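Two complexes are shown next, each including subunit A; its partner changes from subunit B in the first to subunit C in the second.
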Partner chain A sequence: MRALFLKEWVKLRPVWGLLLVANGLLMLYLWIDMRHHFRVEHAEMLYYQANRIGRLFYSDMRYAPLLTGLLLALAQFWPEVTKGRLRLSLHLPVGLATLTLTYLTIGLGGLAVLLLLEALALYGIIALYFPIEFANSALVTASAWILAGFVAYLGVTMIVLEPGRGRKLFYSVIVGGLVWLCHLAQHYGQAAPLLPGLIALTLLLIPAVFLPVFRFRYGGRS
Partner chain B sequence: MMPLASRFAFLSIAILVMAIGLPELYSKIFSVKIAPTQMFYSPVHQSFVFREHHGDHDFVYSDQTGRIFDRKGFETAIPFIYYKNMDLWGLLPLTLNGQRFDLATMRENRQVFELSPREIKDRRPAIAIQPLLESNPGRTRLQFPEDVFRMTKTDMVFVNVDHNVRDEALTTTFTAALKQAGFTFPAGLIAGKDTILKPFDEGYFIADATGAIFHVKRVNGALSAVRTPIPTDLQPRHIKVSENKARAYYGFLLTQEGRLYLISYDQYRLIPLPSDGYDPDRMSYKILLNPLYKTAIYGDDHVIRAVAMDPDFQPFDRYERPVPGPDSTLSWRVMTHLFPFRLTLADRTSAFLDWHVHWHGVSGLMGSALCLLAWFGVQWQCRRRASGGISWRSISWRPLKEALLILCTGLFGLIAVLMIPEE
Partner chain C sequence: MAIQETPVIEVRNLTHFYGQRRIYEDLNFLVEPGRIFGLLGKNGVGKTTLIKLLMGFLRPVSGTCQVYGDTSHALSPATRRRVGLLFEGHLAHDYLTIAQAEAFQSRWYPKWRRDRYYDLVDRLALPYSHKIKNMSEGQRSQVVLGLLMAQDPDLLILDDYTMGLDAGYRRLFLDYLTDFVRDGQKTVFVTSHVVQDLEQLVDDVIFLQRGGTVLQTGLSAFMKDFCQYRLPCPPDQTALPTPDAVIHNVEREAGQYFSVYSFHPQDAVASALQQQGFALPETGLKAVPMSLEDAFIGFTGKY
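Let's turn to the complex of A and B:
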């Protein structure tokens, strides 16, 4: 198991590092952008826009978690499937469920660290310029986007592992729909009542990933 | 066991996503927009007149007696609403009830107050940080101050917006002034219009811990706090402040029980408004004021009610009628047969997104039954192909679980089990 963890970490490390840098640069840009706003506009007008008008000064990061999850899943599973490595791994003396969970733990853990850092950076940047209530609100708003990162990771994993083309397409439509739900809100705090349901749907994707894994292992077709 | 759980997990996700996405897609392609019915009390005909939309460009202008108007006839029946058109058509000045009204009189003496469900404080997201505008800015336009305030358990805390730090001096002075006026912390409801796009500023109405409502303003840099005589047991749910040049009413006060009042400039006197059958969580409320009559109009997607009142807000006539909604259209009826239910997230009555399930009743079940027949047809065909013939004994119980799923979820379930069959 330890060897499996190590193998996955060694494989993911470069991409994870790149994603860390990319997300870091994005948050740096967000801070520069915010600083710029406060240098060229009156702070009271920015408060008005952020509160009453509902302008999201951090909307540039809306799709960053989605891309992060998508790229991480591709980096982890695409070479496994295309180079036939996964089929070899499936013959290791480890249960199929344990093996899959190990893969997912590494991927989801790495993603969680990236997205947690992103959320912390967002909180810090907003709290630097606005009272804490604005930072709390930003975190609630960005939570749905962050969930989209996990949906993308699990969804792309399913799509990549699925051997049948028809099912690949169906998974893509459903996962795409779930990602769409995570990005529906246009104003701050608007999606707060949706979050428990979105979290439940995202959690349901974890057992759902086993569906293509079993089909991959036992050669399912559709 | 695990493949079964995995399949169930994905089927659940797929059905939920389709229950949102497919009806939404259907509506985008086929739905017809029906504009809300507009109703007024006509000072010309002394009766309720309304404009009703029946889809496309089919608008009906009528009154409660069934008399049909053309558009111009309708607009001249409510001159205080269409006073600019009346002037354009050379119909002003106008004499009604022995009083003469010209353009300026009409403009100055009409007021409209509206409250929609999504404006109510607990039905929209908010950040509890507000600016306290200078109510006497000494110039023609209002301007934002360089500080904002929040109400904590013990203080009215001011934060400097340039440096995002607490302004101790202002916090101490204004908190002391508030306490001196009799305010008991912590604060409850805080209501105001935090914009400079208004003719003047009336500050905030803030409820204190005892239920007393204070009118709080910044005047010449100092805090002005007036304890209003509004009863402390009223339990206001929402106050909508609408600064209006007429300076007759501060705005609406809505109680937790759904009773609605206007707050008068005359010693903060509360004027009760007709609210029989008014549900603030579903219905928009509008009050039209002119020198002759006051009219309250409220309703939802199914019904519209209007109450005509004299200048002292005493009701003297009422009228209600059903509203033609989208459910009268063919596309709507087809949709309710196509899907047994639908999930929506956006709701006209709330600024939040939330999960709303809409059951389509018997018509939806009929659609599910058709899906079930289609499913049995597919099963029958598959088995015939697989075994070269079929008997009832060869049917296993396994597909019956799926049949039950299709019966409950209709087209969503059918698509899901066809795309993800059990293996």
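Let's turn to the complex of A and C:
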């Protein structure tokens, strides 16, 4: 499996690096923006807006995990399918389930590192200007958006690998609905009750990826 | 009692459709170990589809394909390890460098022959850090061939290895294939658009035709039995002999000739032509020497 890790890392390295830089720049922007707010407004006004009105000072990052997951999945699987290279991997002397799990581990691992760094940066930025309770709350709010990143990765993987158009459409609807649920909360703390369900649904997507992989392997039949 | 060897490939009653279009119906053939099989057929008769079926990338509508005794859509990792597969277009993980490609592939194959890979790749005179995607088609084919040869497979399946290759690279490919087969009990199953290349290489041929009709035969037997007879065809002559039980095919040639192709002896062909009202040349009917490409055209028709 080490060989597969190495190969996938070589393939994903440029895109992963770009996503790291892009997410880093976004967090830098959030920090500069936050610093600007605290320079031009009184802190108590900002606390009031955050606490009483429910303003999210970090809402600019709302769709960043989603885009990160989507782009990472596309970088990993789109060229494999369109150029036919996935068949090379499928011919390797390894079981299909092991191969699929390895690919997913690599992709999800790379995504987890990016999103974890993003979450840590968010926590750090909020904790720098607000009491720690605000930082904890920001993490809960952003967790749903971060989950959307994993949903996007797994969903795009399913859609790209699925050979049948009808099923592609079906998966798109399911994944679109899950992504919508992940972004449903508009104010801090609203996402908290949804999180266990969202986590469970996201985890269910992992075994669900196996179906399109098997269908791809056997030319569109289950 | 002699022990019967398991066929490398066994196709039984294979039927496959794309939508309503029949690709094969009741296709049967065997590939014995140590033989080189050429799969010949015009574009669109299903050569690549057959390879996809054999490697389990498609499931047949009915019938079975077996490779080393494994059903093709359930090939075990151990069987896949024995099969070197060249995909159409010299498919490769082209984001890897020459060295990375070798490092990646070598982990999967216990009989890996690193010397074979670098023997081929060193001819490119490229640094090992050169990425495959920055190579020409010919250079990439050499890397892919090197990876296949280093794998040391028992069965080599080559799907149109000639695609995009100039004469020099094609010859190099053929030389390596010939050495590969001489090296041991290896089996090769090859398709190619350049039919003449296979003449020096293959022991047996399988002709695929539209609708799934198939002829499996030894190459030398085919070249001995299948004959071409050339007759003059004046410009005002529009009617040509019609294929029948004796005449397999008739093709109009450049230079006011037409050719009659048949598996039957000269006398039988002469008689069939006379029965259809065609006069024989004064010198009598004589077989014309044919290359495999001529025979292929004669057997499958020009268009």
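By our rule, the second predicted complex is superposed on the first by the 220 of 222 C-alpha atoms of A that agree within 3 Å, B and C clash if a C-alpha of one lies under 4 Å from a C-alpha of the other, contacts with A are read in each partner's own complex, and residues count from 1 in each chain.
Criterion: a contact is a pair of C-beta atoms (placed from the backbone, for glycine too) under 8 Å apart; a residue touches a chain by one contact, two chains touch by 3 or more.
This structure is a prediction, so every number in the text was calculated from the model and none was measured.
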Subunit A as common anchor, with subunit B and subunit C clashing or fitting: fit
Residue contacts on subunit A - larger count, subunit B or subunit C: B
First (subunit B), second (subunit C), both or neither touched by A:Trp16: neither
Subunit B versus subunit C as contact partner of A:Phe57, first or second or both or neither: neither
First, second, both or neither for A:Tyr153, with subunit B first and subunit C second: neither
Partner chain(s) touched by A:Arg217 [first = subunit B, second = subunit C, both, neither]: second
Touching partner for A:Leu201 - first (subunit B), second (subunit C), both, neither: first
Contacts of A:Arg2 with subunit B and subunit C, given as first, second, both or neither: second
Touched partner set for A:Lys83, first subunit B, second subunit C, both or neither: second
First, second, both or neither for A:Pro93, with subunit B first and subunit C second: second
Subunit A-centred angle between subunit C and subunit B, computed on Cα centres after superposition, in steps of 10 °: 140
Minimum distance between Cα atoms of subunit B and subunit C in the superposition (Å): 12
Intersection of subunit A interface sets (partners subunit B, subunit C): none
Interfacial residue positions of subunit C with respect to subunit A in the complex: 52, 55-59, 73, 77-78, 80-81, 83, 85, 87, 89, 91-96, 100, 103-104, 107-109
Sites on subunit B touched by subunit A in the complex: 2-3, 5-7, 9-10, 12-14, 16-18, 20-21, 125-129, 131, 144-146, 148, 150, 159, 161-162, 164, 194-196, 345-346, 351-355, 419-421, 423
Subunit A - residues contacting subunit B, complex: 42-48, 50-52, 97, 128-131, 133-134, 137, 166-167, 170-171, 174, 177-178, 180-181, 184-185, 187-194, 197, 201, 204-211, 214-215, 220, 222
Subunit A to subunit C touching residues, read off their complex: 2-3, 6-7, 10-11, 83-85, 87-88, 90-95, 217-219, 221
